[in-house]
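First chain written, first letter: the chains are A, B, C and D, and each begins at residue 1.
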Amino acid sequence: MNPRWLAGKVAASLVTLVFVLAFNFFLFRVMGDPTTQLARLPRASPAEIEKLKSYYGLDKPITGQFLDYAGDTARLDLGISQRTRRSVWDEIKDAIPWTLLLVGTGTVLATLIGAWLGVIAATRRGRPADDGLLGFSLFTYASPEYWIGIILILVFAVWLPIFPAGQQMTPGEDFSSWFAQAADVAEHLVLPATAMTLMLLGQYFLIMRSSMVDVLTEDFITVKRAIGLPWDRVVRQHAVPNALLPLVTLSAIQFGIVAGGAVTIETIFSWPGLGELTYDAINDKDFPVLQGTFLVFSVAVIIANLIADCLYFVLDPRVQTS
Amino acid sequence: MRLRTIVAVLVAMAALIAAITALPAGAQDDGGKKKVLRLGQAQDVQTLNPFVAQDEENFRAWSLNWDLLVNFSPDDLTPVPGIAESWDVSPDKKTVTFKLIEGAKWSDGEPITSKDVKYSLDKLGTDSLIFSGYTSNVTSIETPDENTVVVKTKQPDARMIGGLFIYMIPEHVYGKVPLAKLKKDFQPPLPMVGSGPYVVTEFEHGRILRMERNPNFRGEKPAFDEIQFIKYGSADAVERALRLGEIDAIPEAQAPSFEKLGQADNVKTDRAPSPSFTQLTFNLCSEENCPDAKFNPAVQDRTVRQAIAYAVDRERVNTISTRGTSFPGHGILPQYYKSWYEQPDDDYPFDPDKANQMLDDAGWTREGDGTRSKDGAELSFDLFVRSESPENIQAAKLVAEQAREIGVDFKVQVVSVDKLTEITTREVDGKMAPDFDTFIWGWGGDPYDPSALLQLITTDQIGGSSDAFYSNPEYDRLFDEQAGEFDHAKRKELIRQMVALSQRDLPYLVLTDDPWLEAYRSDRMTNVAKQCPKPSGDVLCQQVNYAAIAELEPGEGGDDGGSSTGIIAVIALVVVAVAAFLFVRWRRSRGGREPLELET
Amino acid sequence: MSALLEIRDLRVTHEERPILDGVDLTLERGEALGLAGESGCGKTTTALALMKLLPASFRQSGTMTLRPPDIEEPINVERRTEAGMQVVRWRHVSLVFQGAMNSLDPVKRVEHQVAEAITLHERPASAGDVRARIDELLTTVGLTPALGRRYAHQLSGGQRQRVMIALALACRPSLVIADEPTTALDVVMQAQILELLEHLREQLGLALILISHDLGVLAETCDRIAIMYAGRIVETGPVREVFAAPQHPYTKRLLDSLPVIGGSRELAAAIPGGPPDPGDLPQGCRFRPRCPYAAEKCLEDPALREVRPAQAAACHFAPWAEWPAAHEAAVEGAAG
Amino acid sequence: MTDLRVRDLLFDTWRGRIGLGVLGLFVFLAIFGSAIAPDNPTASSLDVLAAPSADHWLGTTENGEDVFSQLLAGARVSIVVGFAAAAISAVLGATVGLLGGYFGGWTDRTLDAFENWFLVIPQIPLMIVLARLLEPSLTVLIAVIGLTSWAGTGRIVRAQVLTLRERAFVERARALGASDGYIIRTHILPNTLPLIFANTVLIVAVAILSEAALAFLGLGDPTRISWGTMLENAFSSGAPSAGAWWYVIPPGLCITLLVLSVSILGYLFEEYVNPRLREQHA
């Protein structure tokens, strides 16, 4: 990989990161009154507030405060949760793997299934299979993901109770082995991951379909058929790799949407990830946690964009050399 | 694709399924021997640190983990020995001497001494969020020896016996930690050293709180080896878990589904009064106390309030807003306080005619079905209610609906908790300036001593907890007098007079007394009794006494069959799909090659 | 010895509209045939129909028989199934497409794409064999083997077209169809590519169908030429004869529009109007509305018939001894 | 580009007709929904979570309110928030895009960086944070959604303005000494308006979904019925476990249909504005 190109991308990401930090700082220190959040006492006396202000460095000039904040953030000191009195970073650290599991499963499945369906539809353009898939994906695209989640609960946990409706593993269960626990988690993952997949599927499908339709009209596809390559291999080995490129960019852009979906889907399935943490923080006005999860979501999007750039770089030789 | 590869893949997947289906069975064998009481809850403890915690759920764990200096009797809630075995009140009633139980030990084997008591009263009593205030009258705490604690108060304070709701925590654990840390992010080390029948041994926020037997518990050994508080995602999920038998009891069931829950197999529900109520609050702040308050002055017309009280059918409010799970209110002292409660004389039974008559007589005239008015003043009030409580919103709508019948107009305004807090605690120039006519919210009190609730409408509390801003010197005097009265009968009479005063003046119209709603598996728990207080209290003796839970016996009911039908179905489906796919590919690659040329 | 390729009565329709309407063509082994005509007259369609590469919405009929020298049985293309065509394509007939720009997969290396064609039709002994073949092919078309490591976008237009030719030769076919191989290239490059094709044909004994709208290109390279108009062949014959004495007014007009080397730089007037819409063909001779010599007779469909030795034309008035001066206005009157 | 063609697009294609029909129905409900509702949508009764019947066509809520009436009344919030927020976003996006694209240089670079960063920040979490910091109300919802969803429009408008700026008629106007304001008003804006409009229609869909999501998370206007709050109430009152599909399915379906109809119209306008897309679809 071209080091200069990479350095440029990383630098751009860092600039965005500073922006995000500044914004986060502004939002919580300036817009939300920090003292009420910090004290959280119904009626703290002015002296107490002064004490708190100096304790948290709020009596310093704003630039100093920002530098303090940036420094603390760099050291992963995101403050203390008002609810649990644990460090916000500990809370986030515990939640991240669960969110990664859910979001990762959802994204991978949505990409694979979306791409696969997109290929099916594009190669059957205008036929009933295409129309059906198009309708289905538009519907999932337009429907709220948490609603789909609730319907999944209704169908697969209430009417046909084959899947657990919430949480990441059976509460209170003592697992005899790592494997039993993994199986239990997998079972709990089915419905939320399905909801996440359905939420993303429509977009991925639509993009893959139109990208495939474009690619299939390219000359080289005819050339590949002309050399005697069977149609399914033309599609698999040449059309799909080309059509996948826009999908990569999409998955990065999607990440912001994924973050939103994580909040609602984790909420309805009580999935103990960043989303539920955010939801709990909303309800309890636990601003340090809210600030922390918001920061993590933003950073995740920046990183996702960077990864997508790199992935695009690996996948598309045209970017590598120009 | 070779046939051999296909077979290998299929065998591997079959093995995987076998392993998965076999394993949970193995897991169950392991856990079967321990007798575990599983309690499900939708909200769990946020932190166990008693200095900063402020959630009700904490008491469920704390009350099993720790003792009070003076515990409550599960029979009638009256004071019984806790950490203190006996107590003695001096003739001037300003000194109470506690004798501690001899030889009592913390769960880690350290002796429980007077130093622990002094530390708890001192520190928790002043520096914690929810235990402060109880020792406001205390001037000194002395520990002449390991087993004696002498508490001196400014004035006689009856709360010293049965009203000191402060847990006794081990000084040798907490005393070493700087106060700043305790008030910030301290997490008590596990097992959480205590004196109750169970101590917390595991706490995973969002998942489980596990309590195991305290080896040094001085009482009888409880039947269950372990108590688990299991956190579910929603109240709904908790109830489903109970129906499925994943848990044995629910300490806090939901009003809307309560009746239905009781109809499930092997599920019993229990409803008991609790020390809390939901009230319609009137803004009675005087010009002197609140020069900048904003409200419709008509709200301070006692006749109007009384008329409203007659017009509101509290029974109906209970039936509709809480599905009949609460109890219609009868004044500021809930029925829960059995040893103090007496039905007030002015109870305002539902009587809209009388209400209309009173308003007519007072000159509040009405045209047709309109709003009553007098000299340009209208009986039109804002009625604030917090958005997070559907029950309160419902109650507000019913109040408005019924008040309309007597020509009183309530404008129901649903606002967030913060907004409601803001308008009730507004200050201008250091003086309270509440900005409301009426609102609906609730209060909760302590298990035995009613002072906390009675205090809410004292003049002292304006600027503190008072949200009706009621001020009546007579009431204040009675409050102080009852607070220092150690004689039960005398105190009860004083309290009766206070309730009568508040019923006359109506700073609060108590709509409902709120209940404990509990549910449990009758096949998993036996020796279940209504107590705290007997025979009307709740079966788990919430927040009051560990005796009820310590006395429970495991039932015969089978363990939950934690089935994994779903995952097996999915895997089977995947296997079938993969097999079909592989088969098709194999067939295609192997046989039935298409002819190259068709015959014409 | 029979002909390498015989096309009889090839018809292609698209949504009921005739695109090709009874094309007959014969090609001897090693022969170079030029296929000329304005764009849209069916040249590319003929090539694609021969390889059965037309999209599913096109219907084709007629017989196409291929007799490659290295196999015994003739290949009846019209009877071949898709699987049957897959072994014919590239093994016996390969195509150099117009617009080499987009004829290579942009995300695969060039050599990979050549290797793909080779391994598809042969089972080479080793990867080394394939390598050697690729290097040889690239050298044959005048490229350094190192270029094989590149991606399409890293090559110049000429290099790309050479790669396409190398690709076309990869499976040693007996017939190569080159569809406008030099459009989009500059003049120097054009000449080089044509020279390469000429050279390879001689060297490898290939038969070549060269499709171009540019008669000049065909004149240099081909033995025989066929002129297409509106889905039909209107004239065919040896290049020399046809150029010297065109027997169809369309051919005549095409030749007239060629710039004369050394002559005036001014281009002769292009033929007014355009080819007819296949859905709305004129009655009779399809060139009639644009033909300066059209007459009443032209309302009947003229057949392609031998009008001079080895030279056939589809015109009622052929053979033309002399071309009278054109009078454009004749058209309307004839239409009646 | 004539109005006639827009009309053809709307009335003569089945997509246009369906989109317009469904949207029209919901707009009608937004205006008259509360009035034509069979019951008072907030009047509770003792029929709790009752299944659909002749009295309650879509059953009742956990408070015994009529689901069908709530559904009719709930259209208003979605429509109002959707359109108002999209309008804010359109004005913001258009302004930023126009200024950046037209003036270029530092103005553009600054605005572009600003835009980039808004595109990176995850939208729903940002809305959550803003909505939580402020007291929830309809105005706050509109402002929060509008202020966070303009960046995409800004990007598209900027690109369009960049090409317009170089076009002959703009150059000519500039050569004749026309002021920037005049050029933007008479040449740039009219030529970007269709694009802004098409994009805004798509943002309406996003705004409707955002409002529903915020309401579902308990950040909606507590005094108003919206489909999002209906779903929140249904979920938090345990309607799914009670099998109360009549309470769970209709609000989500309404959101979906409304979003679908708006999206269909949006795509239609987008195709109209961008003919390249039309060819692809054909």
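A few notes on this one:
The rule is short, and it goes like this: contacts are C-beta pairs under 8 Å (C-beta built on N, C-alpha and C of every residue); 3 or more make two chains touch, one makes a residue touch a chain.
Since the model is a prediction, treat every value here as computed from it, not as a measurement.
Path length between chain A and chain C in the touching-chain graph (shortest route): 1. Separation of chain C from chain D in touch steps, taking the shortest path, is 2.
When each chain is reduced to the average of its Cα atoms, C sits farthest from chain B. Of all chain pairs in this entry, the one linked by the most C-beta contacts is A-D. With each centre defined as the average position of its C-alpha atoms, the distance from chain A to chain B rounds to 36 Å.
The mean-CA centres of chain A and chain D are about 22 angstrom from one another, to the nearest whole unit. Centre to centre, using the average C-alpha position, chain B and chain C are separated by 88 Å. Between the CA-based centres of chain B and chain D the separation comes to 42 Å, rounded to the whole angstrom. Within chain C, residues 82-83, 87 each touch two or more of the remaining chains.
Those residues of chain A in touch with two or more other chains are numbered 165, 285. The multi-chain contact residues of chain B, meaning those touching 2 or more other chains, are 234, 237, 240, 418.
Chains touching one another, given as pairs, are A-B, A-C, A-D, B-C, B-D.
Interface of chain D with chain A (complex): residues 113, 116-117, 120-126, 128-130, 132-133, 205, 209, 212-213, 216-219, 228, 231, 234-235, 240-241, 243, 245, 248-249, 251-253, 255-257, 259-260, 263, 280.
Chain B makes touch with chain A in their complex at residues 19-20, 23-24, 26-27, 30-31, 36, 38, 40, 46-47, 49, 52, 184-187, 205-208, 228, 230-234, 237, 240-241, 246-247, 418, 421, 425, 562, 564-567, 569-570. For chain B in complex with chain D, the touching residues are 234-237, 239-240, 254, 256-257, 260, 319-320, 323, 387-388, 390, 394, 397, 413-416, 418-419. Against chain A, in their complex, chain C makes its touches with residues 48, 51, 53, 82-83, 85-91, 94-95, 97, 99, 101-108, 116-117, 120-121, 151, 153-154, 167, 170-171.
Residues 75-76, 79-84, 87 of chain C are the ones touching chain B in the complex.
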